[in-house]
């Protein structure tokens, strides 16, 4: 079988590098270009010595190899670029004939106004928003199979949506669309590979803090998707309150979600919540619903594409608490892109991904 | 001036040892007995070598020195014992004539039924619940001055109550007593000094998880106190949903609290929330209200008795978000006990505590 | 092709579990028994939830399934047992007809006196010491192919021997056999999965310390092997001074080794040292010799079977400094056993191991 | 009593800030100027929010307040500046009449050639090298009392010298001056407060590595001082091999030192080594000699000015192993400067320092 020709634009950030890592053991993929503006001319393993002898491929700059050339020579290009840059680069890549999975926020919204307000940017190609498929295979698998442009979801949206969808995507919806609270914690790789004092070891070790407590961009992404999933095509029905925190570990993300059962829920219990989650995801490889009494821990999904979820009913308050743990670079970014790649190119979904769990 | 004679019962757990640490530089204190059943006969500095040369005092067992003797020879005994044990030991100490600050949950409730349901224990001395003063100097300073028995608050209750009190202790109350959500994160010292696999380095490092997600004992303690503070003498008006998490750092605790303004709040803004907090605590040494744009971080209170709080108004959802950070062993336990000690024995409140901040 | 039938005795310690992890993606292996005395009847994924859905196999006790049965139904048994226990179990397994890779120190020595003095135990089957092959494929590959009993090397010995062998296994030897100093640092998994206060998060985080600074068992193992490798069949020629340290990370080990060039070295330089290392290991998959100016870091080998080594000549003192980094559970234990398994059963050496590197 | 007027030049780096922290509770000090070029106009507590309410003093730039002014208005100026900068600033300060404790390498050498070779800089004021006193109170206490210029020692030199001095400062010397090996490990604050990718959390957490393995500047500082201490006025007699490593903790440093007893040592044993260390430091507050069987751990000195040392005799190899643990910012830098300050201005040496230990 011919291998799929894949290029990674922005391959040396943490997301780009994890895409590379994930594909390293994928039997159906051949790398064409790995780009880096900062490190062009160096080998990938010079930047990440962990891959010495495993991936010594030279990094190229898009000043030397045009997007047109990259796109023409690739079946798929994965872009790991800042928002505002992706929206300019992706159209060029698409025009050259390849398919694209983009990691930025630039193609994740259907409503361009929500995007422009959230990112404080004018979108140069709003017509692509309609075409772009939101890259959550558990929700949009069919559309992804033939998608030309995939907007890989944000990390916080992924763990929020996976946990809430079984309760929202029901007619009638089983929880109230109002009053959802999402309190989430990310490892430091979520901030990207940056020369910033605030992400230095001495500033973060033995610390823990909230950040972006109002107006975080992922809020609007979460709300638009949750609205769609709950049957509201306007994308406005759900207004979850979202608060991210930064914790002193490298990889992983945990969301603790609070919501209230709708009148249509009927008799409620922890067992019933878990049963709903289990049935909804019974055919999904990467969503693991934990049984009563077992709670997610980011260490159990670190390095992998798994997301562990569960729920409890809190009798004292009448609230449902949902918990989801994933690797922010795994199911929250790069490895979810590989899962989507498998959907797009006809591979079994776990191809290349099954070996990535970490024991201790 | 005569020094106050202080004994610590259970001095080698993390809370007991931090009480010792805090008192080490207190000019008005003299240690009488430091007890340890596990390590009796050893020196305190054998167990905590950090104090070699600073505190080489010998540990005694309560098998060898009776509670009666300890109480008789001490002005104050601080007990750092498990719940269910304190309720038996504290009455003996009180009978011998000393004052007591207890760290367990055994004397924190006014309603014995709530205690018994929460701790699944019968209380042997329910009549002491009425006398015991809840050891939050910011709320109960006057009562503490003359208290014979102080119930030092739990760590999660302290950071929850300090953040919420300015909005609840108002007539009319400024937030709805229903629907409060407290999502909190603790460092590992919160679990105590235990030989348990689940608290081993390899099981916790690079991990993050919720625990005790329903029915955690601190829920009822929080709710009873918040009810009192909000003017409800029954202790039942507030039903906050509380969820603790465990994070890979040693010391510190952060609470993220979600609540909604009551009809009586009037015009609401982040500025107004911060203004209310600031005014409420303007004479308090250890509560620092952070200005708009600055958020608490556990690293900034680590090792100290400070608690940093702030609040924001989330226009998108109409919710108030409050954040508080403290050291779980500091303001959350041992150092708060020393602040209370200062109140009880007439020292300026910061005596012995001002040097305990940690730079980097 | 028929799969090799493998059982793991002691599968839930960190070494045993990492053997399981490593084999999970090995195409030529089928698990027969995973034993655990502590957790018998539970599923492997109950103990390590990271493997939920990946390995839910039930754990059996050797009280219920005899060593004879295990050995008879397995082509290979991997034992991850304490020393003193292995020496009793392994003979029973061998008698039942299987091959064995043992992780304890019980079969690593040729001189039974050295073993007995080091471990303070009488060896019940000294005759097996002659037969056992020391499981370092880079040194004993040919013997391993047909070995019935393999003594998997200690973690400290592996990183010491791999670094020093190119300079010692030469005629004449290129460094002095006397005066070698090995200063090494291990992550906490090296201490095993234990309910001990000294390995708890709060006792180790933000700490660093030496331990076992004289008479550590790995000293004699290192010295016997280095002597053999240097051409001394008595096993006594090399007397390296060895000092281990414990550092606050989970996986990884770094050795800093100090030695002096022998008179036969000739002109010496960093380039020449690196050249010698490079040539010695040019056909080895898992030994990566780093070029001048690049130094090993445990993070680059974490999770994998790689060992990164390099050397420098210190002109100021005339000493050679060698550095090697490996994962203590990887090349230092479980994954080296899988590499050896591949040698024993005719698989390419990297089978099942290539996907185990960790990006960030 | 009048307070000593102290200014800190470069107060917001980790060393400068720890000097500030240490002085915060010193009863005999009054801050005059805290300078920062990067953060001028902000409050010290804006940069280190841990000090909010404790030290809100405004930072000034030396563009706005001249060195002449700073020096004239201060009894003592503590400089925490890069090498090459200090050598230009310190003479100006001295000229204005104050005393100076400098943290750079610029005044630590007696031999200007060694300095210039080590730092690859020409020294603008070599005549000051003769006057400067090396700021180790345990060795140079008398000279420090009246010193106008103190060169605060490097962190690695401090822990090396304190451990070795009792064996070297003897006539005859008790260890061979040749063949000393110093293998040392630093926490990340040792690298300073820098916006560099290599010190980011994700690049260091779960890692461990050597660096600067030949020609590290502290080598020559160590060797010059050890030579002096051993009675060699040329500063050339000792040629220790020094290798630093970087470990994933914030504060602390451990040195493992290997040396051989000289012919004059006589009968050797661990007991005798410890006895020598104990006697040498019997009147020192901050050097704690650990008894046989107890080894230093950086966690036990973290935050404080203590240095814990011990030694063992390794019968198998005939080597002496010495171990010392200190806080790299404590005894290794800022707090040692405060100890020296106490010597210079006539305070008891522990003034302001005794409260800085950290419990857990």
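Each chain gets a letter, A, B, C and D, in the order it is written, and its residues are counted from 1.
As a working rule, contacts are C-beta pairs under 8 Å (C-beta built on N, C-alpha and C of every residue); 3 or more make two chains touch, one makes a residue touch a chain.
In this text, all values refer to a predicted model and were calculated from it rather than measured experimentally.
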*By label order, what chains touch chain A and chain B together?*
C, D
*Where centres are the averaged C-alpha coordinates, which chain has the largest centre distance to chain A?*
D
*CA centroid of chain B to CA centroid of chain D, Å*: 38
_On a C-alpha centroid basis, what's the spacing between chain A and chain D, in Å?_
47
_Between chain D and chain C, distance of the C-alpha-averaged centres to the nearest whole Å_ = 39
_Per-residue multi-chain contacts in chain A, two or more chains_ = 14, 189, 202-203, 205-206, 248-251, 297, 299, 302, 360
_Sites on chain A touched by chain D in the complex_ = 14, 188-189, 193-197, 199-206, 248-250
*chain A touches which residues of chain B in the complex?*
179, 181, 183, 185, 187, 202-203, 205-211, 213-215, 219, 239-241, 243, 245, 247-252, 254, 256, 258, 295-299, 302, 312-317, 319, 321, 323, 325, 360
*Where on chain C is chain A touching in the complex?*
14, 17-18, 20-21, 24-25, 48-54, 189, 206, 250-251, 285, 288, 290, 294, 297, 299-304, 306, 308, 329, 354-360
